[in-house]
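Should a chain be cited, it is by its letter among A, B, C and D, assigned in written order, with residues numbered from 1 in that chain.
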Amino acid sequence: MKGDPRRRDLAAYPWSLTLETRFADMDVNRHLNNVAIARFFEETRIRFNWGLIARNELSQRPHYLVAHVAVDYLGEGGYPDPVTMTYAVGHIGTSSFRCLMGMFQNGGCIALCDSVLVHRGPAGPSPLPAELRTRLEAFPLAG
Amino acid sequence: MKGDPRRRDLAAYPWSLTLETRFADMDVNRHLNNVAIARFFEETRIRFNWGLIARNELSQRPHYLVAHVAVDYLGEGGYPDPVTMTYAVGHIGTSSFRCLMGMFQNGGCIALCDSVLVHRGPAGPSPLPAELRTRLEAFPLAG
Amino acid sequence: MKGDPRRRDLAAYPWSLTLETRFADMDVNRHLNNVAIARFFEETRIRFNWGLIARNELSQRPHYLVAHVAVDYLGEGGYPDPVTMTYAVGHIGTSSFRCLMGMFQNGGCIALCDSVLVHRGPAGPSPLPAELRTRLEAFPLAG
Amino acid sequence: MKGDPRRRDLAAYPWSLTLETRFADMDVNRHLNNVAIARFFEETRIRFNWGLIARNELSQRPHYLVAHVAVDYLGEGGYPDPVTMTYAVGHIGTSSFRCLMGMFQNGGCIALCDSVLVHRGPAGPSPLPAELRTRLEAFPLAG
């Protein structure tokens, strides 16, 4: 992740949202805790998916299993400033895709996250529906 | 708390802020968890105090011990809608005061909270400084 | 709560369990956070109820709404020492009861909690079943 | 991680501990939440390091920055059963090392985690002290 300079460039991502920080996101070191940062990436994944649903861009709500999450911690985050979370869709496979996220505060990139989401049908992993694949393809990382 | 109708009236409070909800604030019942609601009240207390400091309304930052917290749960809260948190200052004693808070979502009051904050000096509880007392007196519950 | 000396006496409670503390239970002050302490009381309530079920002492699983939680914070808690949580049943009403809890660490009482749990049927609050009432009556505070 | 069968073998790890699960570790899906699982790995890292200190195996307490965390989610975890967390030291570099962890419940491996910890001196990353390196070398993955 951190080896690709585009990943630290807020403008390279096609989707972003701002999230509030909370006092409880800090740990004894007075910075945003590493696991709290993973929590911000979870919220970002969910808000992105919820946005597709809320805008009626999908005829049915997809369900995912999170198979893999990796975070590079690049800088310290603080409270109470908000954070800007960015989202792009990376490799799209048969029944899973990779989402590429960034976390920015006061102009600097403080963390990057890659997650692999597996599309889940009634009996386990199932191929990504065509309409979902098309929507996901609309959110590549730029550059 | 819940016996006083003013407490459920958003307009009766002199101070409020909006906070985002997070997916992680829900528990297995798909509602905002009771302890997560206590977390929202903590954030509200801290943001109110931080606001006094940020606006340079106090010459020194007060430190508090939370001695008591009571919450009445009045309704179910949901995700992803934001919540409006309200704050008023109740009884002001020699070295402590009571803060009166409410939590509203989509027009309804879902929880009330009373907290007792004890002003803390280097050697334990200490009288509220005069300028702090004056500031606190400016935030009564209306009516 | 804190006015009743029995409440600070570990031996006065008919039921207790030990819980681990976690690094994440601390906040920037390097003590167990107030809301994290409320989390310990939630866990205690749930483990007590789960214990009644697990021992087949009830023919059906009761469902509760938490209507009220009040916590008195009496001392600072630390990590990584475990805590001992105590539980007793206080006043039993028609469709609700009060549970009385304590939190102890290294021999000292660091917090007390009263919660009001409302028995919930399919259509809202419903009378406590007789067998549940009988079980609850078996856990009074001593003295 | 998940490609190496040793990683799913509890017996291949030189160090382990049991941790309690909490009701609050579950999310709306009634399983241990992904971020809660990351929290268990945080606790495991900290308890391992704390153990070295507590046994006086180091003359000074090391400080680390967590630079990278990756988790493979392999199965669903539940509440209230405890989990067994395992720990081994992987590659040891000049100023950082990789820790290899596993999470097991009821005999099955539910998650794996790799973390990169950077040794931190007063002015940023600093070489691992010789005595720390020696201690870390004593915890390889078996096989």
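Before moving on, here are some points about what is shown:
Note that in this section a residue touches a chain if its C-beta (ideal position, glycine included) is under 8 Å from a C-beta of that chain, and two chains touch if they have at least 3 such contacts.
Note that the structure is a prediction, hence the values are computed from the model and not measured.
Among the remaining chains, the Cα-based centre furthest from that of chain A is the centre of C. Taken over every residue number at the interface, the positions common to chain B and chain C amount to over half, indicating a same-residue contact. Centroids built from CA atoms put chain C at 24 Å from chain B.
Chain A and chain C have Cα centroids lying 38 Å from one another. Shown for chain C are the residues in touch with two or more other chains, namely 23-24, 35, 39, 42.
Against chain C, the residues of chain D that register as touching in their complex are 19-20, 22-24, 39, 42-43, 46-47, 50, 80. If you check the complex, the residues on chain D that touch chain B are 23-24, 26-28, 30, 33, 35.
Against chain D, the residues of chain A that register as touching in their complex are 34-35, 38-39, 42, 65-73.
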